[in-house]
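Take a look at the structure set out below.
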Amino acid sequence: MGSFKGHALPGSFLFIMGVWWSTKSILKYVCKKQKRTCYLGSKALFRWIEILEGIILVLMALTGMLGEQFISGGPYLILYKEGQWNQLIRWHHCTMYFFFGLLGVANILCFTISSLPVSLPKLMFSNALFVETFIFQNHTHGREMLDVFVHQLLALISFLAGLLVFIEFFTRNNVLLELLRSSLILLQGSWFWQVGFVLYPPSGSPAWDLTDHDNIMFLTICFCWHYALAYIIIGVNYAFVTWFVKSRLRRLCSSEIGLLKNAEREHESEEEM
Amino acid sequence: MGSFKGHALPGSFLFIMGVWWSTKSILKYVCKKQKRTCYLGSKALFRWIEILEGIILVLMALTGMLGEQFISGGPYLILYKEGQWNQLIRWHHCTMYFFFGLLGVANILCFTISSLPVSLPKLMFSNALFVETFIFQNHTHGREMLDVFVHQLLALISFLAGLLVFIEFFTRNNVLLELLRSSLILLQGSWFWQVGFVLYPPSGSPAWDLTDHDNIMFLTICFCWHYALAYIIIGVNYAFVTWFVKSRLRRLCSSEIGLLKNAEREHESEEEM
Amino acid sequence: MGSFKGHALPGSFLFIMGVWWSTKSILKYVCKKQKRTCYLGSKALFRWIEILEGIILVLMALTGMLGEQFISGGPYLILYKEGQWNQLIRWHHCTMYFFFGLLGVANILCFTISSLPVSLPKLMFSNALFVETFIFQNHTHGREMLDVFVHQLLALISFLAGLLVFIEFFTRNNVLLELLRSSLILLQGSWFWQVGFVLYPPSGSPAWDLTDHDNIMFLTICFCWHYALAYIIIGVNYAFVTWFVKSRLRRLCSSEIGLLKNAEREHESEEEM
Amino acid sequence: MGSFKGHALPGSFLFIMGVWWSTKSILKYVCKKQKRTCYLGSKALFRWIEILEGIILVLMALTGMLGEQFISGGPYLILYKEGQWNQLIRWHHCTMYFFFGLLGVANILCFTISSLPVSLPKLMFSNALFVETFIFQNHTHGREMLDVFVHQLLALISFLAGLLVFIEFFTRNNVLLELLRSSLILLQGSWFWQVGFVLYPPSGSPAWDLTDHDNIMFLTICFCWHYALAYIIIGVNYAFVTWFVKSRLRRLCSSEIGLLKNAEREHESEEEM
């Protein structure tokens, strides 16, 4: 961070994970509704996907931490130098990455060792988001108004996402909650890119005026539009996954069972009303 | 907005929807208590009402957005003009209308496509209210004290209403929660009118002193009286709907069944204690 | 208010209601545990007690409102006089009393008309407390530091009490929640007295220095001691009611049944662990 | 407090209790999962442990209160002296200790007298933490920025811990919630030590600059590292207790039953997925 690339990297990570998590939630929900657990729902495969997710999270966290420490004049693991703290901003970022890495570790451990409680990753996820909120809140002492504002928005959505994950911890398998959380993760990802464009405009364009109230007014609605964009991405994703499951898997499953289940499903959705 | 009419329009929209939602909640509750689902409770009719509600919401949102953009010197869809942002206040209002429009779209989709989760509109409703809160919070940079205060009250009630809808998302069919939420929507509607009268007094009367503490003190209790008014409207509505269902529908349903059900109902209400 | 008596009156009202509500909760809990519903638990009696409670609440609210309006130079129902608002502080107090009066009305209606939802009084109670919080928050514009502080504490406890009643609305018959709420009502009652002593010392003693930080520090712990006092009152009340139910009612109920129930109760309390 | 020792004492108390509470939670969870309640789960033993815990809490609170009152120039129970308040800071600390003492008393009473509700200690625990939050929030009027910051962090975690205990009050026997709460207690314990080192550096090293923004930035991440440390302690504790229960108790229980239960357990953990 402290540069365009430093904001684009976590933004991309969060965006990718947001898309993946929303896909996973929709896939689970649609499969469950169609009762076609024959292919995707097998427990062993599901477990491997979770472990893979954990490994990817750990790799992302490591990439972020190493990038912050060693690229373009980082602190090189030195915390205190010549009587003063050494590049604390980058240490802040490292700490955030570290807690997301812990989430990956929890994911791996939880699906490897069967005696651990299954909701552990949820808790670590919510903790990672709350730690991010906490650090962003204490991140911008003595910086410009607009700079503070865009970081406070990051803190706000990571707090809300953390709260949602904490609620998920209690009420499992609520697809709308999971999608809401994914939309906030997507929003955070695209907002990191926006912050990069605002604070460190690439390709040499002039920087924004950080003390202009109108810029804050614009970024307020820009934030809402990013959110609407996250909705649209999830909507398209939902339509695509539903279509994919219905059309492709129909051929694979035996068609008689499919028709049978179809009737059941319609009955069920009536009841749910 | 930015004028008396601009406040009266969303105020009227919210007030109408508040009255309608409270009527719907009471109707459902009273019918369920009387177990007279013969006429009103038929699922096809109920579905059409929901779709109609969605269409009306979309139309309201479109009216609001078009009014903000094209009436009396609006931005005409131009966001950035001559090196500065173009009428951001009106873009703010458009964004709020847009998210209420999304609620309408969600209502229509959810009751048309049966594979969507049934609580989706609740979630979009709560989101629309939270987005409204967020925008109102960042709406009044550099404006007068009283102006800020009345808008913060709008933010407060839209936040509370959003919170209530989010709770409804978890505990469905709690009539009191739904009425509480409707009362907050009614309050918001009548408060929009009040804000219009305070900031842009119609018929040429002199404006209020926006820096007087006494005016804030008065608007504080005025707000509570508006809330008491919302109570009274809902109370009268409740009495009227109950009387209507009892007296009118009694004739339509076969009277023997009516008496039977009546006995059951009394038994039930005893148990509930 | 605005005088010692004006603080002592609501303080006494709240204290009396706090003692009564805690007694009612304990009585219900102990009777239920002892399964001795023969005398106290009869539904008709219980209903009369609730209606009586409602009437008393309405009378208290009327006393308060009339006192604020007509005693020692009140506004005499005139809101706007000679180009400015007339004694808004007293109108604030009236509005608070009014919403507590509404709680009484809800209590009466709910236990008279059987078609109303049973949790309505809970909701009105929580609303009355939130309205109180809202008014206290906007009550002290431009007043001294210590004055603001003691009123903010009132707002804090009425908010917490409102929150607890709102939780009770969802999880009925949890004796500890009800006692916690009663303890906050008791605390509010005794704190009103404390505020009266601090701001309007009776018997001519000199007023407190309203700008001294040390006074805030002291009132912080004083507030905690008041809370500890509320605990003690509820503890003594609990011990007394338990002893009363056990010793007195034992004689009235047939003693054989008593022994039988006693054995059952012990068995039950084992299970609950 | 007001000295290094004054911070080290409550820090050690909290740390010890944090380790003990996490051990108790893990032990209960592992034993339940293994259905080996033969030795540890006996109700009489469990009750004695709880009473012992209560006695230790009371002793800790007494130690703290006596230390604050009588050691190195304390107030010696005098609250008001020579026209001004006497060492209110120390009275603040006493009040905090007192409410933790009440938790101990509640623990003893609740497991001695069987007619008391079982969740009473949870409620008193949450109250003790909220009272601590309240006092810390009003503790640092007119002190230096860094001093205020580290105390606000204490207030933050005691608030979060209080909230978690309040949630536990509703959803009993959720091991992850209990461990999360224990981790916050551990964090609070180690943070007290950190505060001692920052504000009153022992062994004569120079004090920290209390007005330096960089120090706040560092303490922000330092706080997160303390939290990561609390995770590690609980993780190691979990591994150790699981290993201990599995390896040691296996010998004591009859091995046939053990094998039987083992098969059941694996079946169960599959289901839980």
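Labels for the chains are A, B, C and D, by order of writing; each one numbers its residues from 1.
Basically, a residue touches a chain if its C-beta (ideal position, glycine included) is under 8 Å from a C-beta of that chain, and two chains touch if they have at least 3 such contacts.
Because the structure is predicted, anything quoted here is derived from the model rather than measured.
Visitor: I need the rotation angle between the copies subunit B and subunit C from a CA superposition, between 0 and 180°, in steps of 5.
Guide: Angle of the fitting rotation, subunit B to subunit C: 90 degrees.
Visitor: Looking at where subunit A touches subunit D, is over half of the residue numbers used by both copies, so same, or under half, so different?
Guide: different
Visitor: Taking the mean of the CA coordinates per chain, how far is subunit A from subunit B in Å?
Guide: 32
Visitor: Would you kindly tell me how far, in whole Å, the mean C-alpha position of subunit C lies from that of subunit A?
Guide: 45
Visitor: Enumerate the residues of subunit D that touch no fewer than two other chains.
Guide: none
Visitor: Pick one for the touching-chains graph, please: line, ring, star, complete, other.
Guide: Chain contacts: single closed ring, each chain with exactly two partners.
Visitor: Could you please write down every pair of chains that are in touch?
Guide: A-B, A-D, B-C, C-D
Visitor: Using the touch definition from the top, list the residues of subunit C that touch subunit B in their complex.
Guide: Listed in rising order, the residues of subunit C that touch subunit B are 43, 84-85, 88-89, 91-92, 95, 98-99, 102, 114-115, 117-120, 123, 127, 131, 134-135, 138-139, 141-142, 169-170.
Visitor: In the complex, go through subunit A and note every residue touching subunit B.
Guide: Listed in rising order, the residues of subunit A that touch subunit B are 29-30, 33, 171, 175-176, 180, 213-218, 220-221, 223-225, 227-228, 231, 242, 266, 269-270, 272-273.
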